[in-house]
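Here is the structure we will look at.
Going in written order, the chains are labelled A, B, C, D and E, and every chain counts its residues from 1.
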Amino acid sequence: MRGLLGLAGLLVIVEALPRSGLVDDGYLPPTSRIVAALGDEVVTAEFWQAVADTLTAWVIGLAVAVAAGVVVGVAIGAVPVLRAATSSTIEFLRPIPSVALIPLAVLLYGTDLGSTLLLVVYAAFWQVLVQVLYGVADVDPIADETARSFRFGAWARIRHVLWPTALPYVFTGVRLAASVALVLAVTAELVIGAPGLGKMIAVAQTSGAVPDMYALIAVTGLLGVAINLAARAFERRTLAWHQSVRGEVPA
Amino acid sequence: MLSVSGLRKVYQPHVEALRDLTFTVERGELVCLVGPSGCGKTTLLRCIAGLLEPTGGKVSLDGREVSGPPPGLAMVFQEYGRSLFPWMTVRDNVELPLKQKRLPRTRRSALVEESLTAVGLAGSESAYPWQLSGGMQQRVAIARAVAYEPSTLLMDEPFAAVDAQTRADLEDLVRSLWQRLGVTVLFITHDIDEAVYLGQRVLMLSSSPTVVQDEITVDLPAERDQLHTRADPRFTELRTHVYEQIQAAKLSTRTG
Amino acid sequence: MLSVSGLRKVYQPHVEALRDLTFTVERGELVCLVGPSGCGKTTLLRCIAGLLEPTGGKVSLDGREVSGPPPGLAMVFQEYGRSLFPWMTVRDNVELPLKQKRLPRTRRSALVEESLTAVGLAGSESAYPWQLSGGMQQRVAIARAVAYEPSTLLMDEPFAAVDAQTRADLEDLVRSLWQRLGVTVLFITHDIDEAVYLGQRVLMLSSSPTVVQDEITVDLPAERDQLHTRADPRFTELRTHVYEQIQAAKLSTRTG
Amino acid sequence: MRKVAYVLGLPVVLFAAWYLISAGSESFYAPPLRDILASFGRTWTLDRLQADVLPSLLRLTAGFLLAAVIGVALGVAIGLGPRLRATVEPVLEFFRAIPPPVLVPVIMLFAGIGNGMKIIVIVFGCVWPVLLNTVEGVRAVDSVQLDTARAYGINGFDRIRRVVLPSASPQIAAGLRQALSIAIILMVISEMFAASNGLGFTIVQFQRSFAIPEMWSGIILLGLLGFGLSLLFRLAEGRALRWYHGLRAASKGR
Amino acid sequence: SSGGETESDGIDKVKVGVIPIIDVAPIYLGQQKGFFSNRKIEVSMEAGQGGAAIVPGVVSGQFQFGFSNMTSLLIAQTKNVPIKTVAAGVASTGEQGKDFGGVVVKADSPIKTAADLAGKKVAVNTLKNIGDTTVRESVRKAGGDPKGIQFVEMPFPNMPAGLQEGQVDAAWAVEPQLTQIKAAGGRLVASNFVDAAPGLTVAAYFTSTKLAGENADLVKRFTEAINESLAYADSHPDEVRAIIGSYTKIDEKTRADVTLPKWPTEINQASVETLAKLGTGDGIFDGATPDVAKLMP
């Protein structure tokens, strides 16, 4: 409910800024005009096709990145030797921007989904990985010793001690990765021209169709909001035991 | 048989927690360990459980040197709160080690129920540890160890947070478990009466740098109960002896 | 004056920790609180400290209703380990509340040193809490409260993790502090002897749903010491009375 | 010795593999590593470093620090106030999902085309991991620690400074670590627009002018830069979080 | 996959990497008119943001053909990128003040002629490319000194705002931004394409040398189809204005107002030589000299 208030505030500001003449409405149109443009968009099949294309790239890319990030992160985090051996490589690869890999992606996949996926996975993977690494390091030694004293095997320790401890970190990682994946899906479409929202934005941009451009940008933003809502709901269910969730139940 | 010989532990950079500990505990024996706060009792227990690598000397259980947690061992940690998994209910906390032992489901539920009832927590199975009081949490940790039916049981001040009456009940629980299953028990406590009431022997540690200061054999009858045993004049004698030894341990370090 | 009237606390969704508690503690009084594990002692203390909102009834200190932690209050938590800040050394942990009180630096160092020495931790100032044994951690928490020179002192099983000798020393520390500063003390313990030895009055809580089961005034002389007071026949009488009351409390709930 | 072996081991193996596999490459866009390395020395001369890498580093530093401050400050406020969180979270999520390349032109409307714009772009991109991690870290502060602070009258700013922030610091460190590499990425992206110097600009320029070995050498330089910065970061983190690493290792047999 | 996919009925599927701007209207028109399918080519357009995606796509065979500006192609040639032009793309109208690209300033700007641009901040979409070399030429021709011009990179869509807000003193814009700026009161001070060379070929369609070698027939048919499209577009401006609406979001009014470029069917080789000379003089080829002949079909 309160969240709607926040969004409403944003809408009001965007309406007021151009109307008051603080910014030229040719460059930042008021909310009403953006909404009108959005209204024109949502009735076209092309628009929904674009949303579907973007979401497909997003879902697949995110799923691959999260799965890989978690598996690699837990493996590296649980085995100190692996961690020591890989950390320099990870730090080397991490700051390489996905956008710099665009020629490589196009080389391999053209404008297919593969191109977008390559960029999405590459960028989102690190988000999850780093969070998992920090989460794994957060295991309470007493909890771990308890598990060891009862002779839990490696797998049981991962599953029952390490994983629940890392879970809040993983959630943050997934939320970060979710938006990064969306950002890169759109960027890849924007630059490479793979079908999707990004391509539509690019077209609107080069055509100087400003309200359309903002309407499409708003759609990406709203997708982000929706994704976060889902993530939060899921978190409330799975982390009910965690201080961050239980602390907020009114006492 | 548990044997500790020449055990030394130095924490980095230079806290010498244990200097030189040597003693043995027979299979099926119940030995209590007392000593001043900070003398290294917890450190000792961790070394025995194979959780901590000693700086010198060695620990062996049934002839094999301990390098990791030996099978059939259960431990009640002094930090009971942190040793319970907050993401699991009480039942799951108690049941998890049994699952690791691959016990069948029905056996598991029976053991869980039994042990929780024994510590007076029947009815709290589906609460989370952080919804319980300190004493209740400690009892969950005890129930977990009891349900495990260990062959070696290490307990680190396991009754520190429970009231007198519950404490007496739990003492009797440990003794009956010990008698019934023939488990080797090493029991750390601050309560001298408790040490004498429970143990067959009481080991007294000096304050840091720690050695075994003294030990007594508790020559009370094997059948003990809260009322009569504690009223036994021999009981009073023994506890006075222990008290004096500890006093002496403290004084010796205080003066030099 | 601290007054608790009709206090009720229900944890969500439906654990009734406290049913109806009413009692008062005079300014400068030392009252001990005993009760079975899980009966709501900690809950009560949190309500008094203004950390927890009661479901019903009210708590007032010196006539003002408590809605947040009142000034001049110090508390020793049952979860001593978690109440120390792991990112600060022992010294900083003890000193932090004094900084909040805006005491000058020299006064602060004097208080820190004094209180750490009193609990037997001189020399561990620059260790981190997690480098200390359980009992030592608990004593840091006590030192922090003592150094604060509070006007109201709430202690939740503060000596649970220390050995018998240290415990006796700390008991005397609390009594001397109380006499010297005239502080109001509410002291939770599981040790009935301790309650009688320390308190001017002992409040006994029933088991859950909790009410005040009974209370006794400890009519022992104000000057107490470990040897003579505990040998006093009146002491034995009083502790027996308390013991029986608690027993009764337990039984009453067990049977119905 | 061992440490050095760990640090260099895998990269050496990977580079060797790349070298061998690419040795006979005919592909215009994936030239042999030999050529890339040869162009590395030629390309990244001292002048180049000064003219292009230095300004980039300055913008990067400014953006990263600004993001850290904003992320932590906002994160604490949001983490401590469930109501505030409920109100602003959707708006933040909204902005978080907008791709920086789309946003750059919009930011240019307000911030012009100078360094200010580039720094804003960096901040806008890398504030999120700091913010999210701070929020979560703050929410997860141990209740007993908070109660202790309250009971002793440690309130307001002091509570945040002495209890909330240190307690959340391990998670904040995770966020800063993420932000650092994102800042590098955004440095490149921001320099793709309206720049006339900078590492990102140079790489894009190489790409556009089909100087492919040079472009790859730039990407390698980016990696090295990231590696170097993360080394610095780890040093700083090791100092600031010494208590935490000690605490977490406390009983791991040391 | 050098030749695209050939269906069993002999139809070649061809992907063309284009930028979704007015310049490529003929290929869309040709597709609509059936100039490609007549020649058993099924074209589909892949709209990328620029050379970064199109050239690698063509080189790797992901796209069979691409669209790029001439200077970029010349740069590629100096680096031996294996590509070759196959057809003309778009050309300047050659009319001063009536071209599809030009340098504009704000109405109240002190800049009156191209010569005044010396020492000023001028926006171009990419540095070291066709924009800055041709603008320099305009300044030179107007008697100014192009050395002092400070070129600033700015995406075309941002130029109206950048000019308005004073972020730059002048902007080299193309349609539809050119019309937009003029509508907001902007003033044209130079037609740089016209100044650079008569009938300047601004952009061209190209393919990889590999495809040109392996599937000369396909390339030939594509060239024929595109040439037919170019000719058709050049003579049917109304249809061009209509088709632009199908792949861009330029509104109807602007579509009616924009200046359309010329679409000759031949690459004006002399103009390309000039472009190469200008670029060499400005140092955008890194000291190399492009071999125009090698690039030509």
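Rule of thumb we're sticking to: contacts are C-beta pairs under 8 Å (C-beta built on N, C-alpha and C of every residue); 3 or more make two chains touch, one makes a residue touch a chain.
This structure is a prediction, so every number in the text was calculated from the model and none was measured.
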Shared interface partners, meaning chains that touch chain A and chain C: B, D
A-D against A-E, pair bridged by the larger set of C-beta contacts: A-D
Centroid comparison with chain B (C-alpha atoms), farthest chain: E
Intercentroid distance (Cα basis), chain E paired with chain D, Å: 37
Length of the line joining the C-alpha centres of chain B and chain C, rounded to whole Å: 26
Chain centre separation (chain A, chain B; CA means) in Å: 49
In chain B, residues with contacts to at least two other chains: 11, 46, 51, 79, 82
Multi-partner residues of chain E (each touching 2 or more other chains): 52, 56, 59-60, 155, 157, 161
Residues of chain A touching at least two other chains: 27, 103-104, 107, 142, 145, 190-191, 205, 242
Complex contacts: residues of chain B adjacent to chain C: 11, 15, 34-38, 40-42, 78-79, 81-82, 120, 131-136, 139, 157, 160-167, 190-192, 243, 246-247, 250
Contacting residues of chain A [partner chain E, same complex]: 24, 26-27, 102-104, 106-111, 190-193, 199, 202-209, 212
Contact set on chain B toward chain A in their complex: 46, 49, 51, 68-69, 71, 73-75, 77, 79, 82-88, 96-97, 100, 128, 130, 148
Chain E contact footprint on chain D (complex, rising order): 27-29, 105, 108-109, 112-113, 193-196, 204-205, 207-212
Parts of chain D lying in touch with chain C, wherever the complex brings them together: 142, 144-145, 147-148, 150-155, 158, 162-163, 166-167, 169, 243-244, 246-247, 250
